[in-house]
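Note that chain A is present in both complexes that follow, paired respectively with chain B and with chain C.
For the complex of A and B:
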C-alpha cells in the first residue's frame, strides 16, 4: 500500500465519524441560539439577543396551553403504561403461559406497525364514537404506543432478578402479592422509572397519531408545532423547539443514567 | 438462573389475570383499529373492491409509490455508507470513550423529529449556514436550493435514520471475537485485507438488519417529507393523510394503508429471520 493511501485510510474513519456526530448534534443544538433571536427571520447567528420569542410563547394560550396539554397526557400515559405493563411483564416472566411468545410479539406490535397506519386506524375508530378531539382518545392511543417501551425496560430489569429470593420468601410464608410488593418491586425501581420516563417522552414527542385524533381544543405541543411549521411559519417555533429539546434531553439523560445503574447491578 | 421454579412461580390462571388488562388495551386500541382499516378498505355499504381498483389505475398512487421507494432506498444506502465507518469508529474505542461517543449518537435520537426538521430548514435554507459557507468559499456565486425539495427530504431522513444504522452495525462489530483480526494480523494480513476478509463479512448480519430497519422506517415516514420535501416528494404516508383529510375518501386511505402494512409486514418478517434481528430491535428501541 502506498503511503498517501495509508494515511487516507487512517484518517477516513475518524473524519467520517466526527462529521457524522456533528451532523447528528447540530440540528438539536442550533435551535438554542435561534430561539434567542428577535424573530423577524430565522437566522443563525442571531443579530441581537432577546427573550421575545419566549415571551410570546408563554403569553399565547395556544402555545403554552398546548404544552400543558402535552405534559398532562404524557404524565397520564406514563402512569397507565406502568400500571398495565408492570404486572404483565412480571407474569410473562414468572409463569408458563401457553402462547407466551405470541403474546410477547403482540405486545411489541405497536413498534412494528407504521405509525401513520395506526393514526388512520384510530381516526376511523374514534370518529364514529364521537371521541375525536377528546383527551381520553389521545391518552388511550399514546398508552398503546408507549407500552412496548415499558415492557422492554421492565423486562430487562426482571431478567437481572434472582428468582431464588422470591422462592425463599415463599417458603418463609409470604403471600404472592406481598412478595411482589416487598421483594420484587424494590428491585425493579430503576427499570420502572426508566420505562415511565420512556413512556412520558414517547407521548410528549408524538406527532402523527396526535395529529389524527386531536382537534383545536385538545391540540398537543407537537401538533401545534407541526401546524405552525406547515402553515404559519411563526418564529415562536424556535422557542417551542428549544423548550422541547431541553425537556427531551433531560429525560433522555435520566433514562440513560437509570439504565447504567441497572447494568452495574 | 432460569431454573424450573423461575417460570412456574405464578399459576397460569393468575398470570392470565395479570396480563389481561394490558391485553384488553392492545386488542381495543391496537388490533381493532388495524382490523377496522382493513375492513374499511373493502366495505362501502357493501363489500367492494372499488378502492383497490382505483388504486391500481391511479397514476398518482404509482408516482407516490415510486417516489417513496427511490427516497427510502437512497436514504437507507447513504446512511449505511456514513453509518458503517461511524460504527467502526465506535467499536475501536475503549468502553469509557464509547459510552461518551454513543451519547453523541443517542441524544439527537431522543430529540423531537419536529425540532430536527425545523432546524434543518434553517440550516439548509437559502440564507442558512450551509449556503453561507458555500457562498464564502465560492465568493458568493454558489447557492443551492437544499430544502423543500427531494434533497432536503433525504437529508432529513438520513439524520433520523443514522442512529438505527449505527447501533445495528455496532452490535455485530462488538460481537466479533477480536482474536480473529489479531490472528489475521499475525499471519501478515494488512489492515485493508483484515477489514475486507474478516471484519466486513462478520458484520453482514448487522448491515442487513440495519438496511431492513432503515428501509422499513423510511417507507412509513410522514413528518420529514412533509416539512423538508417539496410538493413533488409526497410519500405513501402523506398520501394516506391526503385521502383522509383532503378528499375524505376513507376507503382509499385504508387501501393505501393496507398496502403499506403488507410491505412493512413483509420486511419485518424478513428482519426476524436475519440472525440478530431481534436483538437489534431491542437496541434500536
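For the complex of A and C:
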C-alpha cells in the first residue's frame, strides 16, 4: 500500500464509519432529551428538565396498558417459540428426515416474505375466523415471525454439539428422553436463552403485523405509538420511545453476552 | 479364501482364563455354537451395505470372555463398521450378533449393556469429572451413596481422585481418556468397545496408556474389542488380532502368528515391514525353486500348497536378512546387492539395498558399537536362511 493510501485508511475510514454510525444513531438519541422535556409539545433542546412525560405515560391507561399488552404478548411469544423451535431444530439437525430441507425452508419462510404482505395475509385469514382484535391472533402471528430466530440460534448451538456425546450416552444405557434432557438440553442453554430473548424483542418491537391484527382493546405499545404519531402528536411518545429503546438495548446486550458465553465453550 | 475360517482362540501366557477357552474350543472344534457359553461376542455372516456398497461382507467372528481382541486394518477396511454393528449404532443388512449368549442383532443400543471408549473421549462438557462418571450409574438408578463410593473407587483405580470436581476441558488429553475409561468400567459392562481410543494422543502418552489399558484388562477380566489402524498398538496389546481388509477378515491370530506366519501378502505387508519377491515356482535340482526378478531362490517347504508352475510371493522379514554373509553359508540364500543407504534408528540399523535387477531390499540389524561400517554404493552379499522365508500365494488381481 502506498503512503497516502495508508494515511487515508488510518484516518479517513474511521471518520466515515463514525459519521454513518451517528447518522443512524442520532434519530434514536434525539428523543432521549426530548423525553425529559416539559409541557405539551416537542421541544429540542428542552427548556427545562422534568419527568412529566414519564408521569403521563405511566398514569394514562392507554399508554401503560399498551405496554403491559406488549410485554405479555412478547413473553408468550418467547415461551411458545422455545417450545416449538427447540424440538424442531433438534429434529431437523439429528433425525435423518426426508425433506428436511423443505421443512426447514417452510419454517424459515416468514423471514423472506415482506412483513407488510404477511400482515395483510394474516388479516385476511383471521378476519373470517373472527380472530381480529384478539390476543390469540397477535400471539400466533408473532410466534410465526419469531420461530425462525429460535431455530437459527438453537441450530448454531447444535452444530457445536458433538453427536458422539449422544451416542456415548446411548451406549451407557440412557433412554432418548434422558439423553435430550441431561445431555443435549444443558449444552443448548445459552442458545435457547438467546433465541428466547430474540423472540421477545421481535414481538415487543413489531408494528406492521400488529397494526393489521390488533384493535383498540389489544393494541401493543408500537401500534399505540404509531397511532399517537398520526392522531395525537403527543410528546409522551418521546418517553415511550426512550423506554422501548433502553429496554431493547438491555435485551440486545443480554443476547450478546449469551453468544459470547457460547463462543467461549 | 481364508476370510471366514474360524480359528480357535489363541492361548495367551498372561491370562489363565484364555487357556480354558482354548480347551473349550478344542474340545468340540466342529460345532461353532458349542462355545457359545464361553463367547462374549458371536458374529455370524454379518454384512452391511451402504447404498449397495459393502462396508462389511459376510464376517463371522467369535470373541471369548475376557479376551482382548483388536480389529486392525486400514481405513475403509470395515473395522469401525463391525464395531458400530456390535454397539448397535448401525443395523446389519444381514447376519446375526450374539452378545453374552443373547441375540442382540436388533436390540436397541441402550439395552445392550456395553461400554465404549471413543477417540475424542466423548465426555460431557457441562458435567464435572465426578458427574461424568456418575452418569451411567444414575441411568441405572443406583443409590446416591453407592454412586459416590463407586465413582471414588474408580477414580482411585486410575489415580485421578484429585480431579473429581473439575470439568473435562480443564484436563489434559491423557487424563480425559482415563476419565472416559473410568466412566466405562464404573458400571462393570461385560464388554468394552474401544474405537481408536489413543488416536488423539502423542506417542509417549499413547505408550503409557497402552500399558494402563492392558493392566485394567488383566485386573478386571473384562472383554475388550479394540479398533485401531496402528499395527504397533495391535501387536502390543492384543491377545488376538483380527486383520481386516475390504470388509472382510483377512487373517486372525495371536500377534506372533500374524507377524511370523502371515497367510497373505496383505497381512505380511500390513504388519511389520517386509521384503516381498513375487515370482513363479519351477522344478529345480532338489525340489521347487522360485524364479523371480532378483534371481532364482530356494524356498522353504511349501507343503504341497503351491504346485510347480504356480505364481507365489516369497516373504523375508528385514531382520532375517544379513548384510555380508556370516561364516557358515549352508542353508542360506545369498544374492548380490548394492548398498543404497543406511539409517540408524537408535537401537537398530536399517540398510536399504538394491539388486542388480533393480529390486529394493531392506535389511535390519541391531546396532552394535563394533558393527562394520559400510559405505553407500558398496557391493555386498546379502543372505537369509531359507527356512526364515515364507511362501505366500500371489495377490488376487
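Everything below uses one rule, namely that the second predicted complex is superposed on the first by the 252 of 265 C-alpha atoms of A that agree within 3 Å, B and C clash if a C-alpha of one lies under 4 Å from a C-alpha of the other, contacts with A are read in each partner's own complex, and residues count from 1 in each chain.
Heads up, the rule we're going with is that a residue touches a chain if its C-beta (ideal position, glycine included) is under 8 Å from a C-beta of that chain, and two chains touch if they have at least 3 such contacts.
Since we're looking at a predicted model, the values are computed, not measured.
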item	value
Clash or fit (per the criteria above) of chain B with chain C on chain A	fit
First (chain B), second (chain C), both or neither touched by A:191	neither
Touched partner set for A:167, first chain B, second chain C, both or neither	both
Chain B versus chain C as contact partner of A:37, first or second or both or neither	neither
Chain A residues touched - chain C or chain B, whichever exceeds	B
First (chain B), second (chain C), both or neither touched by A:143	first
Touching partner for A:175 - first (chain B), second (chain C), both, neither	second
Which of chain B and chain C A:235 touches, first, second, both or neither	neither
First, second, both or neither for A:183, with chain B first and chain C second	second
Touched partner set for A:251, first chain B, second chain C, both or neither	first
Nearest Cα pair across chain B and chain C, whole Å	7
Contact residues common to both interfaces of chain A (with chain B and with chain C)	162, 164, 167, 170
Chain A residues touching chain B - in the complex, by the definition given at the top	1, 9, 12-14, 16-17, 20-21, 23-28, 30-31, 34, 41-44, 84-85, 87-88, 90-98, 103, 106-118, 120-125, 140-141, 143-144, 147-149, 152, 162-164, 166-167, 170, 176, 201, 205, 207-208, 212, 222, 225-226, 229-230, 237-238, 241, 244-245, 248-249, 251-252, 255-256
List of chain C residues in touch with chain A within their complex	87-89, 109-116, 118, 120, 122, 124-126, 135-136, 139-140, 183, 187, 193
Touch list for chain B against partner chain A, complex	1, 3, 5-12, 14-16, 18-19, 21-23, 25-26, 28-34, 36-37, 40, 82-83, 85-86, 88-90, 92, 101, 103-123, 125, 127-129, 159, 162-163, 166, 190-192, 219-220, 222-223, 226-227, 236-237, 240-241, 244, 250, 253-254, 257, 260-261, 264, 268, 281-282, 285
Contact footprint of chain C on chain A as seen in their complex	162, 164-165, 167-175, 178, 182-183, 186-187, 265
